[in-house]
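Pasting the structures in now, so scroll down.
Both complexes below contain subunit A, partnered by subunit B and then by subunit C.
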Partner chain A sequence: MGVYIAKRLAASAVTALLTSIVVFLLVRSVPGDVVGQMLGQTSDPVAAKALREFFGLDQPVWRQYANWLGRVLAGDFGTSWTRGQPVMGMVGSALGVTIQLAAATLVLATAIGVPLGILAAIYEGRAPDRIVQAFNLLGLAAPVFWIGLMLLVGMSSSFDWSPPLMYVPLHESVSENLSIIALPVLSLALLQAAAYSQFVRQSIVSALGQDYVRTAVAKGLSTRTVFFRHLLRNIGIPLVTFMGLILIQILGGAVIIESLFALPGLGRLLLSSIETRDYPVLQAGLLVVVVIAMLVNLVVDLSYRIIDPRVRLS
Partner chain B sequence: MNASSVDPTFRQRVAKHARRLRHEPDLLIGLVLSSFVLLVVLFPGLFAGHSPLAVNVDRAMEAPSATHLFGTDDVGRDVLARVVYGARITLSICASALVLAAVIGGALGLLSGFVGGRIDMLFGRLIDVVLSFPPIIFGVMVTGILGPKTTNLIFALTVVYVPLFFRIARSGAMAEAGMIYVEAARSMGLSQGRILLRHVARNVLPVILVQCMVLFPLVLQIQSALGFLGLGVQPPTPDWGAILQQGKDYILLAPWMSAFPGLAILITALALMLVGRGLQRRMDRR
Partner chain C sequence: MTRFDIPGAIDRRAFLAFGGLAVAAAVIGPAGAAELYGPKPTGAKTGGTLNMGLLVEPPGLDPFHQAADARIRLTVLIYQGLFYESPEGTAMPLLAEGFDLSGDRLVYTVRLRKGVKFHTGQPMTAKDVAYSYNYIRDPKNGSPGAGDFAMITAVEAVDDATVKITISAPNAALPMTLGNKYGGVVPAGYFDDPEAKTKLNQASVGTGPFKLSEFKPNSNATLVRNPDYWEPGVPYLDRINFIFVPNAASLLVGLRNKRIDIATLARPQDVKQVEGVAGLTVERKPSFNQKAIDLGAELKPLDDERVRRAIALAVDKDEIMRASIGGLGNVIGTMVAGMQDSWGAPADKLANQKVDIAAAKKLLAEAGHPDGFDLTLTTIIGYDWMDAAGVILREQLGKVGIRLAIQRVELGVWVKNFQSKQMGFTFNDWATVPDPNLLFYRHFHKAPEGADFRNWKNDAASKLLDEGRVESDPAKRRDIYVRYQQVMAESVPTIMLFSADHVVVRGQKVQNYDQHPTGWYYGLARTWIS
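Now for the complex of A and B:
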């Protein structure tokens, strides 16, 4: 187990390193940098040169990368070029917002999606199944930002309510925080609930045709025992894998939803750092996204072993 | 396409596939909806009476009416016309990205799976880099850094979907490489390249084509999301995501500006999803 985790972490580290190189090269391969943005078109060449030297932009790309990597490995992500704040703090507080959004979405999507999927599987081919399947299809086809916009319109026209414009963190005011993230969470969760319920339905329907279920029923076990002790355990692995996928999807969807609802999360931070060519923030933000995605995948793979002792990790 | 011993003519085969549709209402609905979308793409003039670019400030933000079925936008353009003409732009971008991704990902995957060894390792690592991002974030990164241009948008979407085609083609090629017919072809003295192109690729091709249909709605979602973020097609060109981005600022004043392009995305994605699934199901049954 320990060896396996070490191997996986090493492989992830290599991919993260490659990713940071790709991002670094991509960012620097296009014309225009932060200095151009700061000084504008009619800039003083002397000042521009001085600023580029200050940011280290006058050095060859490989040396810039080596410097950056050296500092990152020492735990220093540098200072934002546009805001002058430590990158670590900016990414950290943005990540907090996104994590809250993702966690709430995951909980809500599971709470809606799993029961719907089970319901559809139990009534396979009958009316409840059809209704759930229609919901799934619509949920998967509707663009997430459109759902968000329509929820805004619906709430304001039927309840004359629209969410506050300024973000308030959870620890300052629980009720205000919840009223701000309610619509973003709901828009993200509808899509993921559809994906979830479809997946759960499919897993159960195909498991119902398996021999072990038939055996358990033939032994005279109650439906409840068959369902909870046999069936759910067997679809556990794909379910956990799926949860990991959903979590990564939510992370991506958050970029769109955060910009729509003006939430100061990681997605918005990435977008603004791209716009202003704030390289240190952009690199750190992307690195964090990649590392999170990798950790999620690792946790998913490890949980296989806990759910199903048959799995040998290789 | 099928395994019957009598070689049926093309027309008989079409008739047979069409008859089976009666038992697959979802595929049928998908095909009907897709044909409708295709009609809109090919003949936008039939569906829109106004120009998608004609500005008329006097009639800005009018609610849907008989003259403007979907209402007008903030500068008085007909929203119906913008949605109808936008279909061609939005969907051709998605389709080009898909075809490019299928060709590049498919070719690299076939090579990687069939040849194996170092090439497989190298490609695998590169693919991991792309896969380590959530797709939309990768799209935002590429279009954001390279700049909001249609070619950059297509490039970003292509890169995001190459890994998926790569994986499918790779596992297909690996499975085929172990088949007896490959060994037979080799023992007959056929070169590796010839076996790969004429035999293995031909057998993997149907899977890749079905995958194109399955992925199309996903590409559409990401394309429109990037448009919505302002990183896609730039105004005044009508593109579904871009129209939504414009409508966002007037969402409470003129919700029809956003409602209809979103509905267009929803219907198209639904149609493509139903077709993709129907095809996948037929494929799995074989």
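Now for the complex of A and C:
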């Protein structure tokens, strides 16, 4: 297992390195740069040249990359070109917001989605199933910004309440933080819960027709035991895979909800650094997204073995 | 020697010494007109926090290297130049107290305000002023203001309270150039630290009424009152939270629920949602901005003046204005709305302002396009007014046979095209400080003196711009700029469509906020909370 993890991490490092090259070239292929953005319409060519030198943009791309990589390997992601703050601090605090958002969403979506899916599967084809299916359809069809907007406007017109717009981290004020992230989490969770419950329902329904379930029932096991010991365990692997996918999706796709609710998360940080061509932030931020995606996948793969000891990791 | 002073601040000794040489004793600004930063309130209370919602986040807070208007709006409260751009179009003394101008009008001897301290606590002297302006004007330091300061040949500290500024040719706009758009006075040697540029986003080193407290990306910029501020008794607010809300829907909900005390809005549909809401006041103020159609002569057939005139004759500015900003502005001729009274040419003296389809078709036929031609209009993503305006413009130009395609580009791409003088046929959205030289010269004077972004290459216009820059007599200067505007209206390098009003929405507790026509938040230095 240890060897397996080490191998996977090494492979991830190579992937991250390759990704960083792609990202580096990609962000530079977008027309315009930070200097054009800083100097605006009335820029002076001499001033522009001076600033390009200051940022090292006058160097060949390969040398810019080598310089950047050298510093990153030494643990220094540099300073934001437009904000003047250390990139690590900026990405770190933005990541904290997005991780909180993703974790809370995952918990809430699981808490809503899994029971609904089980309920629908048990009552397959009957009224509870129909209601759950309707909920799923709505959740899967409605765009997240629409759900968010409806919650926002609905809360405002019904209760004259809207979330605070200036973000406060959890460790500074729990109540303030929760009142800020409640609506965005709910918006994301409703959508993910629908996907979840649809998935769980589908898995259980198809598992119910399997031989092992029939055997378990035939040998006189209680419904409870059949369900929790045999059935849930068997749908565990696809379920965990699904959770991993959802987590990555939230991490990468939170930008819309972050913009709607003015949350200083990673998605919004990436978006604003694309707009200002703040390459150091952009490169570090994208790299972090890639690394997290790989780590989540690794954890998902490792959990297969815990769920099903027959799985061999190699 | 001509002397410029604010009333009541005349240094008698200096006045007598130079009196014999005086050409005319002049006072800047109409007596008793504008007040610094807006009207002073009566019965104002000190204290409290104001939450201002911003739809556009400043990309940085460095006044020396960041040109974005979203930056200037905030930093005018933190950094100060020698003069203040009063809404009436005069340069009012700010860190300056007044100045003497030499007979050849090339040397400005500026007397500095006394008792000014930086946010760092150290007192401001002439050395700091000279350092700051010398830093900006050296293009090697990378300031977007370098171009505006190119006419300055030397800035020297004479003594602690006097600075001598020498320029290469007489320039009536110099005081206005020494305003607050770029730079400001910072302690001498500030930029010696290689990290200094980026540190301006963390701690402020200006002389303004507010200091920077924190700047969190995608969240907020917070300013706190400068306890050492040189004007007695102001500012009134303890703290201003500029909260970045990238989404109009959340901003409007925030205004209704008092999460946000004040905001400026641009889209008519947003303004409609807060009009008539209990507890919110909506105010409109004229602006110095312009929404325009630019016609880059590098794009054929826009190099043909007849084609450009035909386009101007096909454009119904009022229709575009109503469609794109719902009437929250003023149609303009060749001058931004806020400067029309002081510098604008009368509408009846300008060519190509009224729609005339027959004349436009005739011009196109003469130019060899009897059946019209295909043309691509560039609009900028995120500038909402351009989307609606583009559709209307396509209809209007269709009437004279011009088939318009619309291409939406991202701002960075657009700026790159603009700077490399490849703007083609595009909408533009820009603003000025209240001086005609600063409005027109760089944009429309032929190269190399001007940037001539539209490849206009017009000799007559350039000559008038040179004359207007030198002329100091207000009446004569106005006459020159009226003639310049006539040339511009006739030759059509640009079609200035309208100036959008600044629409301010504020809660009831916000008192005495006066929106400056530049769109900058000077007024917060006079705002108080009841």
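As a convention for this text, the second predicted complex is superposed on the first by the 314 of 314 C-alpha atoms of A that agree within 3 Å, B and C clash if a C-alpha of one lies under 4 Å from a C-alpha of the other, contacts with A are read in each partner's own complex, and residues count from 1 in each chain.
Rule of thumb we're sticking to: a contact is a pair of C-beta atoms (placed from the backbone, for glycine too) under 8 Å apart; a residue touches a chain by one contact, two chains touch by 3 or more.
Owing to the predicted nature of the structure, the values given are computational and were not obtained by experimental measurement.
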What is the contact status of A:110 with respect to subunit B (first) and subunit C (second): first, second, both, or neither?
neither
Examine A:275 and indicate which partner it touches, taking first as subunit B and second as subunit C; both and neither are also allowed.
both
Is A:85 touching the first partner subunit B, the second partner subunit C, both, or neither of them?
second
In the overlaid three-chain picture, which partner chain does A:141 touch, first (subunit B) or second (subunit C), both, or neither?
first
Touch check for A:234: first (subunit B), second (subunit C), both, or neither?
neither
Could you figure out whether subunit B or subunit C reaches more residues of subunit A?
C
A:255 in the overlay: touching subunit B, subunit C, both, or neither? Say first, second, both or neither.
first
What is the contact status of A:286 with respect to subunit B (first) and subunit C (second): first, second, both, or neither?
first
Answer with first, second, both or neither: which of subunit B and subunit C does A:160 touch in the superposed model?
second
Taking the superposition as given, does A:198 touch the first partner, subunit B, the second, subunit C, both, or neither?
neither
Just to be sure I follow: which residues of subunit A are touched by subunit B in one complex and then by subunit C in the other one?
30, 149, 152-153, 156, 162, 259-260, 275
Within the complex, subunit A is touched by subunit C residues 51, 53, 57, 59-60, 62, 65-68, 139-144, 146-148, 195, 197-202, 215-220, 241, 243-247, 249-251, 253-254, 256-257, 259-260, 410-413, 415-416, 418-419, 430, 442-443, 451, 453
For subunit A, which residues are in contact with subunit C within the complex?
30-33, 35-44, 46-48, 50-51, 54, 79-85, 90, 94, 149, 152-153, 156, 160-167, 258-265, 268-269, 272, 275-277
Would you mind writing out the residues of subunit A in touch with subunit B in their complex?
14-16, 18-19, 22-23, 26-27, 30, 137-138, 140-146, 149-150, 152-153, 156, 162, 248-249, 251-253, 255-256, 259-260, 267, 270-271, 274-275, 286, 289-290, 293-294
The residues of subunit B that touch subunit A in their complex are 125-126, 128-129, 132-137, 140-142, 144-147, 217, 221, 224-225, 228-229, 244, 247-248, 251-252, 255, 258-259, 262, 265-267, 269-270, 273-274
